[in-house]
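Each in structure tokens, the structures are laid out below.
Below, chain A partners chain B and then partners chain C, in two separate complexes.
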Partner chain A sequence: MKLSLKLTTLLAPVFAIIVAFGLSTIMLYLIGEDPIETFKIMYDYGKTGKSIVSILNRSVPLYISAVAVAVGFKMGLFNIGVESQYLMGALLSAALGAAVALPSFLHITLIIFVAVISSAFWAAIAGYLKVKKGVHEVISTIMLNYIGTGIIAYLLANIFFEKVELSTTAPQTDLLPETARIPSLNAFLGIEDLPNLHGFIIGAVFIGILYYWIVWKTSLGFDLRATGSSPMAAKFSGANPARLTILAMMISGAFAGFVGIAPLTGYFFKYTTDFPSGLGFAGITVALLGRNHPVGMALGAILLSFLERSAQILDLKDVPKEIEKIMQAVIVLTVVVAYEVVKRYVTNRQIKEASKVVAND
Partner chain B sequence: MTLAIDLSNISKSFPGVKANDEINLKIQEGTIHAIVGENGAGKSTLMKILYGMLKQDFGSIKIFDSEVNFSSPKDAISEGIGMVHQHFMLADNLSVLESIILGMDKASLKILNKSKYKDEINEITEKYSMPLNTQSMIDELGVGEKQRVEIIKVLFRGAKILILDEPTAVLVPQEVSELFNNLKNLKDSGVTIIFISHKLDEVLEIADEISVMRGGKHIDTVDASTVSKTDLAEMMIGQNLPTPPKREKNSKQDKSLTIKNLTAEIDKGRRAFENINFSINQGEVVGIAGVEGNGQRELAESILGVYPIESGEIILGEKTINDLSTRDRRESGLSFIPEDRQSQGLLMDVSLSENVILGKQSSNKYKSRYSNIKFNEASKNSNTVIENFDVRTPGNNTLALALSGGNQQKFVVGREIENKPSLLIASQPTRGIDIGAQSLIWNKLRDARDDGLGVLLISADLDELIGLSDRIYVIYEGSFVKELDPENATPEILGSYMTGLKT
Partner chain C sequence: MINFVKKHYLIILPIVFIVLIAQMDKYDQLTTSGTFGAAIRLAIPICLAGLGGMFSERTGIVNIGLEGMMIMGTWFGAWAAWLYGPWYGILAGILGGALFGLIHAVGTVTFQVDHIVSGVAINILAAGVARFLNVVAYADQPTQSSTQSPRIDGDVGDFTLPYLSGGADTPSLFGYLQDLNYPFISDIAGLLLGATSNLSYISVFALVLIPVAAWVLWSTPFGLQMRSVGELPTGSESLGVNVYLMKYIGVMISGGFAGLAGAYLVLESSGIYREGQTAGRGFIGLASMIFGNYRPFGIFMGSGLFGYADALQLRSDDAVHGLLILISLILFIFAIKQLIEKKYINSSISIALSIGFLVWFLNSETVPSEFVYFTPHLTTLIVLSSASQKLRMPQKVGQPYRKGELN
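Take a look at the complex of A and B:
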């Protein structure tokens, strides 16, 4: 019985993706494109070596952002502020990283440390406001996104960037020195003729494991999950809601601090006005898609990255690439519905099983 | 005189509980009819059936001599039945007028004809002499006025029969007498009123007839002018319920819990309890009797550390625990069976093998040196609880929500006792569960006491209190008014102290 229940749970996303493809097929058909041909183009393009590297590179920050969001979700907290949290961490660590000279290992450690600490504290503000002033975290994190974006723009343009008269260069921090860059894995894996597969992908795996360990294996994680499941029962069991709220926001923010590490140390090497943004919001989607599960979110991040990447080819083939955005949204919606259906099914089945035991006595 | 309501053979069961058992009830038009009974006696189930919120399993309802079949409150309203709930259903940011007409029209873009409604409402308030300023905002009103809004709202929808669910629970004495004046006016205008309460003094003052319910049954209907309060209390509490067997006392000298001058913080203008003093020896069960809402729940929660106290001392064994967190209090040997197992005692969407950890997630019992939870230990212990407390479940992987109420409760009680506490607080440990589970829990509490455990027992079930306790305190309006020896206590004696009849 246990196995079959697990199987049904796994079937939910598969089912959802099939439905999503079905709906996309209808849409493509309606706008007069050949659905099979379109999917084939996307798939063929998505499976090229170049694309795979690009997909994995995209997945890394997306996945970490999802983990940051999921920490909050597990406790019933909605951290919508991952966006400004990771950007804040990225800017401060980029500025500091460019200003010091250190041996490589220390240099990278320092950059990560600064990013994580500053993101965590930025997130803690929302936790503090919730505990002390009763401000709902959705409101405070959204507002902190605006405030954060403003502060970042100010710091970038006025503090970390030397304006040269008549220069047209966009505001940016100084380039990180070689010692601060995380090397690609190409040499290590013996990959030739392909773009760089960024080294921080290993970091992402560790972050997934760390997340799993904290939330599912530790007593702190038990408190988080208990509060998410029943705040009152958690309180009666001795969990301190105020302390947990601030702590959960800080852990969520700390994970958010890792989001900017891969772009910063892997291919941007500086913070500029076009540093990748929007990852904080995309992370919410991935967390939903992966049901806050470390493996589920990894698959979700790869799936979304695949769709984004393969959509690039659609333009060249005269298929409107907006279809990809619609597919993304349809997948997320169907997954959410499918999970709910499965959850009810599992619950009903459990209730039936349990009442059988009572009846048999 | 015509019958406003004629219920015959109304029965309603929920899994494991017969909430209403063949209720027959006749209510005359233009009278005030009170329905009294302990919590869980089936009053609110019956009213929900009458108001169309629940469907009876058997039986028929006649309103003004015609048989009706309600499938929603809407049907009941159209037959002239209106209900005022104990907890007001008003939005603070609406005016009185808006609150009263809320939901009257089908939502449309038409402009509301407020002045028409205003006149109609004023007509009603004058007719029943219940003055109301229709322009006031709800959040400016006092509790009594809000209640008046609710009553007008119901009358405005054409109610001829008014159900009031514990209407005085939220009122201060002056507001109560004002409400009673209003109710008398309503009655004189021909409105039939059903008044649900467990405050016997009030019921005797306002009602024409009183029906008593107990354990889902309609015990009797009596004339309010001829019945005495003691008779009513006796009928409400009953004497023929199964009683837990008594055993020898086993009290030791060492203290399990000492409470000195404990006073609650002021909450919404009043203190839940004040100046409480008592102690529990090891191997002793101390019971607290009281009508719900007299401070016993808050007292229990303050010992656990989830309800704020202003002054006093809580001493667990030899150790003052006032300043300790709930977690540290549990660490120091406190176990707690909450009155609401589903929201306070269990994680419903989590398996039993994880639920067994709840309350001890930070103790060495389940926490390793590296902060890891010992899930193997938890799985083993959940099986012990399941076995020792006869929890009927397919296994320890089953989610808590899949179990019946009795099995959930056995699991909670089992978990708290198996944690080997030095003091156990048991709040309503057998509420709403079947007799089998009840007697098992009674026996287990007894065994734990015989092993030297101190138990603080809070229960609305007076037979349970008398049967299990070694000493009983009666709490009334936040103070202990009497200490009784259960040897000499009967439900009637307890009841008279609990309702403030005797002091």
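Take a look at the complex of A and C:
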């Protein structure tokens, strides 16, 4: 019985993926492409060794971003501000990381620490505004995204970058020294012929475990979840919702701080105007897809990265690769509906079974 | 009079300060008719989005998807306007937005998905769909790009109020008053002149919709049914109102308004569809709805404020610099108010911030362009955090409703 319930829940994402494929088949057909052929090309390209490494590298920050969003969800908070939170952390840690000389372990720890702290405090503003001023966090975090983007652009161009007359170099921070870079796993895994598999993938696994531990295994996590599902009940049990809201926002922001670490210490080594952006929004997709479950989100992140990577080949075949964006979006939309349907089905069944038990007594 | 000032000092004081600051030559852009003209053009899409939010929330559905519906409005508006002309663009924008409203309604009303989750999914979907359609629709254009449309001729002619603002070769009273350069009188004349001259017919259409929306919601049986659904759905159902249908209609009208807002942006402001051109205006619209306490004229005032901030941002960096001293003054007044209320810590923070802004004002010539860019967003945050306390929102907004259930 219990197992079959879990299986029913799993049906939702599977159903969503089928719908997404169905809809994109129709779309491809409408614009005159061969859907089967297109999916086959995508799949063939997506399963090459090079692609798999790239998919794993992409999914690391995506997964962490999803975790950051999920922490908020668990607390009943919708943190749409992961975007500016992780960029803020990445910029500040890149600037500081390039300015100091330390032994490798300390250097990397310092970079992570700075990123996490600055992201957490940037997120705290939204928590404060919600608690003290009653501003809904969706609106405040979105506005803070724009404000943060502006502040980051200003800091990058004027504070962390020496402008040279007549030079066309885009604003960027100094390169991180060797000690601040996390090595790749290729030598360790014996896959030297493939592109670099970034070492922070192990960090992502730890972050998943940390998320699970904080939310489900600590009393703080219990309070957070209780406040999320019923603020009134939590209040009567002695929790302080105002303090917890700010704290939850900060924890969510702290996780967001980890998002930029992989690109920064793995392959960018500096903060520039084309530092990967949009991960915060993609994280919302993954969190919804994986239902805030640490493993579910990992699968979701890998799925989306797979779609993104395998769509790259479509340009060469003259199929608009934007079809992948539609697939992503349809998956999210269908999955939230499907989860709701499954939830209702499961509740109905539980009620039926419970009444059967009562009737038999 | 004194009571009125006491009650509305948060609105009156900033206006008085702005007019005073505008007396300095460097900051006269703060109150010219050009700035107000730009402000009203920028306020209209925000206002439309806010009205859209109102229609949805009045029927009990939170609509965070406004931004996505607006994106659909920009894309469909641009596409139809490019093919057939501006008015078709407006129509297509409305329909595109309403279509996404329908999706939101299916999710939230029929399947009872969390409203915010569904709305965010709508935003993600709209961004993807717009990108895809843009690639497909303009594939054989020479200027093909995945993020832009070809240039669109959005000219539908414009309208200027006769006699007061000089429309149809009549004398312009407001223009005359503005040129006199008397404090206050000229500033207010500038405002009125900007708001009533060279308005395109699309703008006129949009402005007319504000009283129409108010009339529909508050003076027709249909509007009463819609509002009742957001307040007490079980009660309305017992009186024979089709609750689901009302919610569907509300969310679709909401999408239509947001779509119109998007089409307006394309046809009036930029003359081109560009990815990301909505720039959070759907959310600012939502903020103006909260600021306006879920009422059309309140929304109009709120969007006027945000439009003004946006106009300053676009027209003149100097004017934004003038706002620094405004912020400093307002913070100073806050500090005094807090001191009277014996909130000493808050008061000293306000004083410190006030001095900080004053120092910044005195030691700089302009505000960095990166900061100027987020003036409207910062304004949104500040306004919401100082004004969102005494709201009266529809009772059952955001709560799922299932037929036959007591809630």
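Here, the second predicted complex is superposed on the first by the 361 of 361 C-alpha atoms of A that agree within 3 Å, B and C clash if a C-alpha of one lies under 4 Å from a C-alpha of the other, contacts with A are read in each partner's own complex, and residues count from 1 in each chain.
The rule is simple: contacts are C-beta pairs under 8 Å (C-beta built on N, C-alpha and C of every residue); 3 or more make two chains touch, one makes a residue touch a chain.
Owing to the predicted nature of the structure, the values given are computational and were not obtained by experimental measurement.
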Aligned on chain A, chain B and chain C: do they clash or fit?
-> clash
Looking at the overlay, what does A:G134 touch: chain B (first), chain C (second), both, or neither?
-> second
Does chain C touch more residues of chain A than chain B does, or is it the other way round?
-> C
Touching A:A101 in the superposition: chain B (first), chain C (second), both, neither?
-> neither
In the overlay, answer first, second, both or neither for which of chain B and chain C A:N240 touches.
-> first
Given the touch rule stated above, what does A:P320 touch, chain B (first), chain C (second), both, or neither?
-> second
Touching A:V337 in the superposition: chain B (first), chain C (second), both, neither?
-> second
Would you find which stretch of chain B runs into chain C in the superposed arrangement, from 8-16, 98-106 or 296-304?
-> 98-106
Any idea which chain A residues touch chain B in the complex?
-> 1-2, 217-223, 225-226, 229-230, 232-240, 347, 350-351, 353-358, 361
Going by the contact rule at the top, pick out the chain B residues touching chain A in the complex.
-> 304, 306, 325-330, 336, 338, 343-350, 354, 357-359, 361-362, 366-367, 371-373, 392-394, 397-399, 401-404, 407
Can you list the residues on chain C that touch chain A in the complex?
-> 64, 103, 106-107, 111-114, 116-118, 120-122, 124-129, 131-132, 134-136, 139, 146, 279-280, 283, 286-287, 290, 368, 370-371, 373-374, 377-378, 380-381, 384-386, 388-389
Can you check the complex and tell me which residues of chain A touch chain C?
-> 27, 31, 78, 80, 129, 132-136, 138-140, 142-147, 149-151, 153-154, 157-158, 281, 284-285, 288, 320, 322-323, 325-326, 328-330, 332-333, 336-337, 340-341, 344
